[in-house]
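Each chain carries a letter (A, B, C and D) given by its place in the written order, and its residues are counted from 1.
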């Protein structure tokens, strides 16, 4: 039985980790860390867990936690994990960090986009970017996994095969992404109130969103060139789900079948990536509650562009589900263990 | 491995049966019946099932189906199951009917409220009303289970212990219920369009809703008297969830502790009924996607009434989940097998 | 031109006052009071008002404001208006208080339910309860109007004619009310976040909601007896709208026509109360954005009860619209001036 | 008093025409045409109009209608208006067609994208494309106005000044648009059911949506070159609102101020187009219920692109409001008459 600790267990991603790990036959959660609710019953913070979780919230003492568990998930604000990390902890326990602290290899880029100093840059090199479908083998041996962001997971998986195979002109890539509101977290802010979000839609973080350099870095590795792109996130009046609509010029004339073959080359054996049939486009609802990423595409011969579309549940494949997938790989379990979540419809 | 057939597999309740049974380790779905989609891939009707279900929709030939499976779920319009039923079928296969055909013991009451003739009244007596928490032992031996309605499950469970123990004056019982829109089914009707339901709320079927006699009958058994009550359903702009707010005069002065003790007497050992802590009232979101019924209550000494509140997911405990719970009992499986669904939040 | 000042102009009710008064041909808003946003452009707080309102937010100095305007609307937290009120202010300016401070005649009841001390009880007697359809003549001559609460407006109007005519047994009256989330205000609180409210429904303030004594007092005047009732509010995932479903025993056997005649007696000439046709029940969407209260009812001969249903837009007839209706009466304008708002659908 | 007839008065756009014209002091609606509801009270189809509209639905006999009214609005399916049009009608009455029949000058393009034969191509030349801010003078003298599409109005207005001034490379223009569900109409179809749309988001009509050639034609006139672009519409779980996010390469290095000056050049005097302040991006909620188009933009120096964003209420500026704006111009009324609708928030 793997003993797990969660720091930041009362955020939405943390809550989703609890939901998923509760159903994982090889894991026991030992520590529900939540600085805001120390001493409070976890089930009183998330009443859905009443009679399921019987534990009080703990602090975020990673040193102590490292003594007690086999794996720590940090679902914490940017900077927290980096500020706590040290060799002692890493020598005792595996870390899966759901924040951005170890996602970006270039510390200057991290510090510029996030506006904070990185407190433990010495571990960045070692950290494995935990996009399982891309870095599976590295994840298996990692001590420290940087769990990808929600927008980034969706954005990268959607374009990855075509970037890798040189089929799209990376300098033309534009990602227009739409997210449910759980991505904004559980903090009490006016813009996230029901009446502000409901019956409304807007772009935000235009040309400045922090997931941009993460996407650029990963798609840069795939394409073998420096990538600079536009990424525009939008807030949608729904709880869960990310839809990424991506546009790029094709580098050569190509057919539906050729593109489909490339997607299949990378994803046909991937349980959690589903390349949809011709003229079927992903809908966020079709992956809700599950670890799937659904992908569809359309070639527009009029403009010479391809439109690629991807959908995930931002709290599952975009956060907690992918973290558990990483954990499974790190501990030699079946990759899909605990993740056989059938999407819920409606 | 239990072989299951579903008739009406492409309605919302049918789809939820597929979702739950897909995760049930002892069951294999053999037959996805759907008169409207015969020959069509099931996963093309419910794209969430892509790469999960690989089967085409079948017709609704119960005779043939009875040869092939161990249990048939009928998630069909009123009248269908009754019109198909015969001794031959019942001798070969267990039937769990999600429609109302066998829920009401008095055929005249059924025919009056549903406005159709009952085609096989001879099986009504034998049918067991599948509210597991109330009729568990009978369900175990049943050939034919009448799976309770969504509103009724919620309404009955919420009041049952107090009705049984004579704590409430049944002649004063009023049930004001609110339901998500999946309860209205997947039929293409103007009143169920997004723009008609969203940002809207209304009562419907006032004093005439068909679940009324079903609630009255069951609470009549519990209280030992003829029950006539008001039941008012409302449509709420959400997909899933039923909330029942019930009002009744207390038959004597009583305390929170006494009432709590009575609820605990009936439900403390019930996995799927959670009696909430003092001053916590159920929210539909806390049970979403799960088989739980959450119950809370408040005594109002000013008026001498008790307000009882219950919440379920109408598609799970109110339909497919309860049907699987019944199946588990009928086949001697662990009652919660395949139903360890943690409520999803948010 | 009537000069108006609004204190609390950046709350949802205050914002709605601005929307309505902006379209009122006889009114000019002189003062956009908002303690939280002093000095900030009003249109930057409510971007919908960009290029419509060109003014900065002011403080809440009622003394100074009284010098400048003809009427002050206080859309402020409980206690504020009472703490500011004095004879000097009242001698200079008309006050329409959207808070509860002057709604309840018995100060002890106010203090008990609201849990605060009333700072100017000497004005309670003088204050007119501004339910225009009931107290029209008194409003015309008032210096100080207590604008009714949202739930109360809907609850009272729905039952008023039958209470007045003795057709319902007041001791059996139960009000089950459902409200959109704007009623909870614009404060940043976790329970009002989009992800907490969306896809969710719950009761709250069960047997303790502060609108209870207000409803009881007014229906007491109507029925000529002390009224004690159950009022249960529920939170619904929509922005606007209140639906009240009310249950009571009829005091005698009666027909649809008789009840309809009573409703018509009180409301046939009321522009803003629409008694719907037989078997049509109110939907919140049908009154959205308008000052209408829609009412329907159903007699249930099985139980001897009548089910009365009413719907309003909580921000219009339940707050700002009614306040303007009161202002029109107080200044001798056409009662519907500025309120000819056609409900918006969808 | 202008006498108006509406054909297609029971669709969502038709209903919005009724709402707006009801508040227009110079117009009287004489004819509520609705093939589906002939003889039925209009207010029974749209209960929000109860006691506001007292008329029964009529047929769609344009010949007869032309005798009775001064202006006909056709809010009808593609092909209807073209099939009815003739010189006799046009000589008697002004026509504002909300369908696409006369929007596209090249009949072959129309027939290819819409898949139907155009029945009266002889009037296409004469028809004025009723985007008031662009074609104001032509509209004033028109007999036949082609009211622009909802997506197109938003898409064109957002890019128009930059296209006109040559600031953006038209071959790089990509429009990613998001619409509320009222754009899909009131037809009873499964994909538009509440449970299918709610908590969901998807692209549709990818690379094939019919508004594409309309946008291309109009932006072609503006830029003076043939435009071929990508337009991708998405369905959003909200009733009203369109948000267009548009991407294009700048043709030269430019500053915020320069771009702002260009927008102001075209829109500073336009009542219904609001160019937002720096770093404020449009939200659909800020224009809801109103005739405004809100526009914001961001220059991304990293990629050399500009991101332009526009928001409208699809039923107002995107349909009925713009139609009334056109009518006002055609009849020499104040352009904003009846359109002083303050956006409703929340």
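Definition applied: a residue touches a chain if its C-beta (ideal position, glycine included) is under 8 Å from a C-beta of that chain, and two chains touch if they have at least 3 such contacts.
Only a predicted model underlies this, so the values are computations on that prediction, with no experimental measurement involved.
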**Prompt:** In this assembly, which chains make contact with chain C and also with chain D?
**Reply:** A, B
**Request:** With contacts defined as at the top, give the pair, A-C or A-B, that has more of them.
**Result:** A-B
**Prompt:** Just how far, in Å, is the C-alpha centre of chain C from the one of chain A?
**Reply:** 46
**Item:** For chain B paired with chain C, centre-to-centre distance based on mean C-alpha positions, whole Å
**Value:** 38
**Request:** Round to the nearest whole Å and give the separation of the Cα centres of chain A and chain B.
**Result:** 36
**Request:** Return the residues of chain A touching two or more other chains; collapse runs of consecutive numbers into ranges.
**Result:** 12, 182, 195-196, 198-199, 237-240, 283, 285, 288, 346
**Item:** chain D contact footprint on chain B (complex, rising order)
**Value:** 12, 181-182, 186, 188-190, 192-199, 237-239
**Residue numbers on chain C that touch chain D, as the complex places them** = 12, 15, 19, 22-23, 46-52, 182, 198-199, 239-240, 274, 276, 280, 283, 285-290, 294, 340, 342-346
**Message:** List the residues on chain B that touch chain C in their complex, please.
**Reply:** 172, 174, 176, 178, 180, 195-196, 198-204, 206-207, 228-230, 232, 234, 236-241, 243, 245, 247, 281-285, 288, 298-300, 302-303, 305, 307, 309, 311, 346
